[in-house]
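Two complexes are shown next, each including subunit A; its partner changes from subunit B in the first to subunit C in the second.
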Partner chain A sequence: MTTAATECMLRMYEDQHKLEDYQSGVPRWCSGCGDNAVLTAVQRLCRDEKLRPEKTVFVSGIGCSSRFPHYMKTYGFHGIHGRALPIAEGVKMARPDLDVFVNTGDGDCCSIGAAHWIHAIRYNMNITVFLHDNQIYGLTKMQASPTSPRGTKSNTTPRGSHLDALKPLTVTLGVQNVSFVAQAVDWIPEVLFDIVKAAYHHKGLSFVRIVQRCPEWLPHQFEPWMQDPQKIQLLHHDQGLRISPAMAKIYKNQLQHDPSNIDRAREIASYDDPLPVGILYRNPEVPCYEDLHNTGQLRTNEYIQAGLEAQFDKFTIEGSKKSRSRPAESPAP
Partner chain B sequence: MEADLQQHVAFYLTGKTPGTSLDAVDGLKLRPVLFAGYRDLTRLRYDFPLVLLDGPDAAFVQSLSGLIDGILTQVAGGDDGERVTKHVLRLEQEIRALVAAGESGALSVLWVKAADRLAGTDKLFKDSLGRARAALKTDGEVIDCGAALPVRFLTHAWSRIQQQKARKFQEHIGQLALKLSNILKADFVRSEAGQQAKSLKAAVGGTYDDAFDFEVMSRLLGKGTPKNALPESRRRRIEWAISALESQRFFPLQNGAKKRGEAGKAHSFVFENCIEVLAAIRKRQPEMIELAKAVAIAEFEIDNKYVEARHDSFFREFNENSLDARDLAQFPDYLVCLNADNIQAAENDRLMEILSTGMSVKILVQSDDILAEQPHLALGKRSKQLANMAMGLNDVYVLQASGSHLFQFRDRILKGLSYPGSALFSVFSGASSPDADITPYLVAAAAMDSRAFPAYTFDPSAGPNWASRFYLEANSQVDLDWPVQSVAYEDEAHQRVSEKLAFTLIDFVACDRRYAKHLARVPKAKWNGTMIPVGEFLAREPMSIPDKVPCLLMVDADNVLQKVIIDDKLIREANRCRETWHSLQELGGIHNSHAERLLARERKTWEEHEQQREAKAGPAAAAPVAVPAATAAPAATAATPQPAAAEPEPPSDEAYIETPRCTSCDECTHINSKMFAYDANKQAYIASREAGTYAQLVEAAESCQVSIIHPGKPWNANEPGIDELIKRAAVFA
Partner chain C sequence: MSDTPTLKSGTPAFKKARPPAEKKTVTTLTVNVIEVISDSGEGAQRCGQSLGAIAAKMGNGVWTEEIIPAEIRPPARSVAGASGNRIRLGSHRITNGGNETDFVVAFNEQVLIGRVKAGELKPGCIILLEAIWRESADAKIAASYVQTYDSLVAEGYKVYEIPMERECLALVADAKRGKNMFALGMICNLYSLDLQLARDQIALTFSKKDESVIKTNVMLLDAGYQWAEDHFDFKFRIPAEMPTEPQIVVNGNTALALGVLASGMEICAMYPITPATSASHYLSDVYEKVGGMVHQAEDEIAACAFAIGASYAGKCAVTITSGPGYSLKQEAIGLAVMAEIPLVVINVQRGGPSTGQPTKTEQGDLMAAIFGSHGDAPKVVMAADTIEDCFYSVITARKIAETFNMVVVVLTDAGLASSQQPFPRPKFRPDWLAPPVDQSVIPAGMKPYDWDPVTGLARRFIPGQPNGMHTVTGLAHDSASHVAYDPQINAHSIRMRSLKLAALQKTLKTPPVFGGETGDLLIVGWGSTRGAIEEAVELMRAEGCKVSSLHLRFLQPLPGGIKEIMQRFKNVMTIESNWSDRPEDEIIDETNRRYSAVAILLRARYLIDVDCWSEVRGQPIKPDTIRSVIREKLRKKS
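Presenting the complex of A and B:
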């Protein structure tokens, strides 16, 4: 809620940013890495949406993709392995006015962070999550991840992995309160950008799986999909993505899919070949946890102090009350 | 002409009965036949009485029967459900009877009173009521349809809207004040005073008093903290904004806020006349502007966006023009409750001034007596005129309804009260009947059904045109002149007779004793075929000397059917009333004359066109289906999109990159950052072919993950290994 005067003045003197204003340092990713494409798409989003750097936060866990916050000239939090989502939720809870993004990898999210992933979907806080899925642990030099296809030879699976790959989209779509699920590939930048933009505009947790190349450890993994446009199935709908004429010319394998249809979304999510690209599911009606949790109570210092005292009092040992003294109130400024 | 008909026509034309066999109806306690079943409303379950519910979260009003139904679904599901239902419905009837007898108060109080009157020693009865009472989770004032209803109903709904508004506003300004205070607090903590040993000691508390040397801490902090205190102008601005936010008087203080003196009490927004409300608005305007300014400044300061060079001058000139409708809508609305009978000329002027300037004032104009003769039947002329004029202003929310219909209009009333601008509620209470036998509810309902006081709303926020703004459908059988109802009675031979009768203005007026002189009862022996129902009479073409007379079916106190003939004066009033109703129908898109005229014109054109076509085609014309088929073919051809002109492809001997497909992976820029560069979207293009060699171009094409670099033909034939390079480049052509 802002007054018309504030809005008018803010618009009058709106900050104009260039892409470079969101760039920080030279990415240390390998050349050819798909992370670069995601970084560019996100920086374009920040520029086009005029996101204020001081009001934007990127949170990550551990892995190649989790170096993402270092390359954004915004606030960032390079967290610990698998814990990007709870950190981001904490940031959003304390500062609902910030735009919060999460960059996590297939190991970070789907292995060590799997529990947090499930509950983050259920909490449906208003954050945008990018799962950079290159199907391999790259930073630690090639170990199989949960999304590595069966037979992937790696340092931990020299004879090829034995298990079928976990499908991040079907898992996400199976969790209660899911509100936005999309899939992009890093080698179609236009569609990647459109999906990143739609995810940002969705109110609730937007989960975007970005299938991306790892030219160092799995250089040929996605070659068939890159070389044959028929193996990419673009999802389009009035309520989803609209395909530009240029894209339609290259990618002729298209499927009209209503993103409000979760059953169909689950079915599409299970396909690998052709690989569906677009918005699988969107439901803006799912409530956000931070809204449900907001009581409207003004959190003054006195209120917070009273709450803390009430909690501490639960642990007071009888007889020691007299010796316990409360800190004096801070003097007024 | 027969003698009886002559007498009837004479009465019809003159309204006089001397020397005839007609009886005066005054004192006969007649009522329209359609009211025969509604003598004791307390025995019927209907919308009234209403319960104006307490509490911020529940609906603001519910009918007593609705509440009881809700309770019964909770407690009457078991084996003894039938017994519980019977007992609770008996209680409901008793409460209804109490309210009809003039009792008032909270539902909880009336419940106890009614239960005491009924319970006696019956344990089962007590058990039923006990269970029902436990399921009743809400309370509120019980009110019947009558003179007090419109004001109580509107005030209660208005309070609910204002409470919601206040909560939102208080939360916002509370947050602003808190955040502004935090800025000052943070500044204090970093200041010299804040870092003195005494302040530090106070901040840590007594428990660890001895564990710290606060003097040393003070020195250490003093050295390490940057010295960038708040500029004095900013501090003053923030302090002013906090003080303005905390001293506002438009909303009550939140719990926990410091108490203010009498002078600081929140303003009242309920008034009994427009003159006072206008004076209050004018007096409070500077205060309102200061508060809005403080809110705007606070928003800037909290966001650290206040730039003195830009904003100082803007806020110096901050005045009423700086506030738009959205800002004004955040402030409380004023409520004025007027009685149509007491509106004087000066008051009327102020009222129109309020409505025409779109101030956030909600006005209730209550009419109690719409049947006063002055000299024509006024039918709430003043309030209806106001409602019509307000609709003409185009941006005023207008609602007209009878008291009996307020509950049905509850959502529309809330909408009107939330409307960001003026709203006018014109309500007929039904409390005018000198005949106590007919309750205000029946009078109000009859006024609406007889088109004397039709219900409608005009909501300027609902859309851009009359079709979306004007709502008339709440009236029964809205497309007819008069609603038609079925009546069944028993004749002399004890046979059931059914008739369909129009409920007209005459039925409504016949309930009022003041109009008895316009009615005359015809003794049963004189009933004949020339007496036709009023509805039928009104539908006939008027004649100077009519061959039929209008007759109304009424019943006496014993529910015996009587026939009453009506004089011409009432018929004329009914015709006027019908004309007014027709105008409303047109506004509501029913029998709209413009639409009908257009339809007739189009139909005529179509018919002419068809005739011409048939004339041209002649008898040997092809089968009709052939025509559309033949015409469809060229249309389809025309609709087929022509192949789009091929996009100009770059010449194959020129190197190029499909830039929109670039994934920004740095492969090419690592090979030669002068030859390859990124554009504003960080996607690669060939910045300068001459900045590198053809070999680098081919290498970049080969290493590009998405194969979007096309090296074209070499520009230097002398480059070493050129033939091999051309071969390698051929796959990217």
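Presenting the complex of A and C:
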């Protein structure tokens, strides 16, 4: 009895995850930075889903948001600018047993890493990707990013940026094999969490664009959207997000949207006023790249040797102890 | 060669009577270079490869090289479009492609012109030339043929006009596809190769095809053999000795791929690039059979990052590329260095800079490999020096990468990539393979970079290991992998990463000297030039010259004992396939001369006045060229 009770206690202890189990260090983000909201939502997800910290990996590139892994008490890989996705793909391919997340910014993902973004969607590996989109380069001190709206004044566009903003969701939804696309905003934590959770549970590459504030360089960027709930359009559906009564009271601008409808998703993705928030697209049927390559074989030494010897056989010329005698006169054909 | 040739029925193949066998002169040779060239797609490459395989099976020493045009389908009958194979046969082991060609089969005169211009044919060599062009309906073609033929004959080449197409048309409807087997038959006859072995080789080559394909090709082979028997009054024989051990015959890229299989690495991430890609082609075909996978990434950077991700997660991975791709990977390689993630990078070098000469060979990437990536990024650089070494280098590279948590760069080149040479069949050893992924609990108090103060080595924590959670970063970091801008921490961590190279260097053996231990001249080489250098040195020593050579497999770190070897020689000179300024150029002097890569390394490290000789012709350096370089060097110094 005593033993059983101890075991039971141990199990309870091990299963009991606290937020602190996933917290590491004090984030160095500015106060009011949207990254803080994402961190909170993700730590809550880890706790609620009881993710084993040693089996969880956060991969990031370079930029403010890419500091994210340092603040998680899991494994983390703070990589190089733009390359978070291919690194994460390598991790997942080698170790499908790990839960892999990617944190990337609008510069990291949509500019320097744009090629990887497109192809990551195509590969559709079972990875959860958070695009922290504050529409500005923060760490390098305020340069326009691909998602900066036209007219954004920055250090490289002092008279206002000239180009229309790239829309990450329409791009994502235009790529073959896309399987999960959602949009959240950092200032509605409850919905942000619900979306993060849905993204985690989707098998395939879940792409979540989080529209978030940069209090340092673009402090007023989203004020109209924050001050007027009508400018946020909540997407809901039986197969998508369900809106809580409390949320429904504040955000009355709601749209029923079936996330299996990609044409409609593409249309919704192109809006930014009102800004759609919710799950735009979900298709659990798209195969994952890592599954396509999994032969299911246990790679024992014997197995590898057998494969290798079979290859050697193909190229082998048998030796002999004596020299081969040549015909003095070759036989006629 | 057609996979589905059509038979012409009822045509007798041969009309001419066989000359009595005793009228043939049979010349015994010890070594000879044969070349088969055609327009792209006419099958000269397959003819040459088959020839190499047949000779190897007879026990001849063999070295085959591909002659590859840069385009997939260059215009027919174009000087630059020569496609084919060059086979050096010997009665002993052959270690390189040798000197100019002794015997050529050419399917048209234009591809021949290219080879003559490139200086690849021995003056006065035997040429078997397709004769159909003489009667071409196109007057321009006929005129060009006659003109080329006449000038070749005038220059002293022994040109035999062969009605290959006409003879083949007696047997098949489309002679353009099938001529190569006729040519193979002729060569087998003229070089006294076993006809049955040739037939078996064809059966093997087309084992995946229909029986009728094999039959037709064998018929063409037999016809060529008989035609040569009937029409030539000479024959060669190159005595062979069967090796006692089983041999495998592969090119350098296949050897690399086999090395990847044998190293236990599971993931190869790559992006298509010449001349590295054929390694991945082969690997893609067979990797799954040992549970591995080739990831064709969206670009070179992604391929490197993917491999780094896999390595980080516990399964050391490899990325294979060539020069331009290597340049693109440099930033990611720096990340692996900084985060101390094991990684194997293979660079099959080609002519540079920029797009350079994609199908040609060069050793121009050594400095980029050693010193590439910004900041201080110490990594291990090895160079495979034989086809066999391509195989073993990958196994060694994986082991070093995982033991030292370092990036290991393996350099080969376009020459090794497409050359074939038999080598003893490797005997599998379980210790080639990577150990299982460590998932044990990390003891309390251990840090992810617990650097040993002497060697800089630290145990790596792999995702899945409880208590090991940390975030690796390309930022400067302390032993806990925390971002640190402290000047002392930065200096300390750079020191630790650098010490690992010294720790590896302590384990390396001094390379052996080829030739004598002392003398007038020591030639230092690295990579694919080994065979040619040693052949030249051996011949020069036979002439009484006191010359030896030293071949480096490890370029970074350089093993110990090299200075002592160099000091035993009056002169030291490197021979390399990369650029060095020519001392004879008017404005070149000792204050501005740019030396070859290894010469720079040796001069800087050992403070010895190492000279260099190099060429960047895109071709493997010939032993005779090296002999004249040695002769010249010895003459100047004496």
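The rule is short, and it goes like this: the second predicted complex is superposed on the first by the 286 of 333 C-alpha atoms of A that agree within 3 Å, B and C clash if a C-alpha of one lies under 4 Å from a C-alpha of the other, contacts with A are read in each partner's own complex, and residues count from 1 in each chain.
Going forward, contacts are C-beta pairs under 8 Å (C-beta built on N, C-alpha and C of every residue); 3 or more make two chains touch, one makes a residue touch a chain.
Note that the structure is predicted; figures quoted are calculated from it, not measured.
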item	value
Which superposed partner A:Thr295 touches (first subunit B, second subunit C, both, neither)	second
Partner chain in contact with A:Pro168 - subunit B first, subunit C second, else both or neither	neither
Subunit B versus subunit C as contact partner of A:Pro146, first or second or both or neither	neither
Which superposed partner A:Ala37 touches (first subunit B, second subunit C, both, neither)	first
Which superposed partner A:Gly240 touches (first subunit B, second subunit C, both, neither)	neither
Subunit A: partner with more touched residues, subunit B or subunit C	C
Touched partner set for A:Phe77, first subunit B, second subunit C, both or neither	second
Partner chain in contact with A:Pro53 - subunit B first, subunit C second, else both or neither	second
Touching partner for A:Met226 - first (subunit B), second (subunit C), both, neither	first
Touched partner set for A:Phe312, first subunit B, second subunit C, both or neither	second
Subunit B/subunit C common contact set on subunit A	298-299, 303, 324, 326-327, 329-331, 333
Residue ranges of subunit A in contact with subunit C within the complex	24-25, 53-55, 57-59, 62, 69-70, 72-80, 83, 85-95, 97-98, 115-116, 118-119, 293, 295, 297-299, 301, 303-305, 307-312, 315-324, 326-327, 329-333
Partner subunit A, residues of subunit B touching it in the complex	167-168, 171-172, 174-175, 178, 181, 184-185, 187-188, 194, 199, 202-207, 254, 256, 292-293, 295-296, 299-300, 305, 307, 310-311, 314, 318, 322-324, 326-327, 330, 660-667, 670, 680-683, 703, 705-707
Subunit B-touching residues of subunit A, taken from the complex the two chains share	1-6, 9-10, 13, 18-19, 27, 31-34, 36-37, 39-40, 43-44, 186-190, 213, 215, 226-227, 246, 296, 298-300, 302-303, 324-331, 333
Subunit C - residues contacting subunit A, complex	21, 56-59, 185, 189, 192, 194-196, 221-223, 225-226, 229, 237, 239-250, 254, 258, 261-262, 264, 266-267, 269, 286, 288-291, 293, 295, 297-299, 301-303, 305-315, 317, 331-332, 334-335, 339, 422, 425-426, 428, 430, 433, 437, 463-475, 482-483
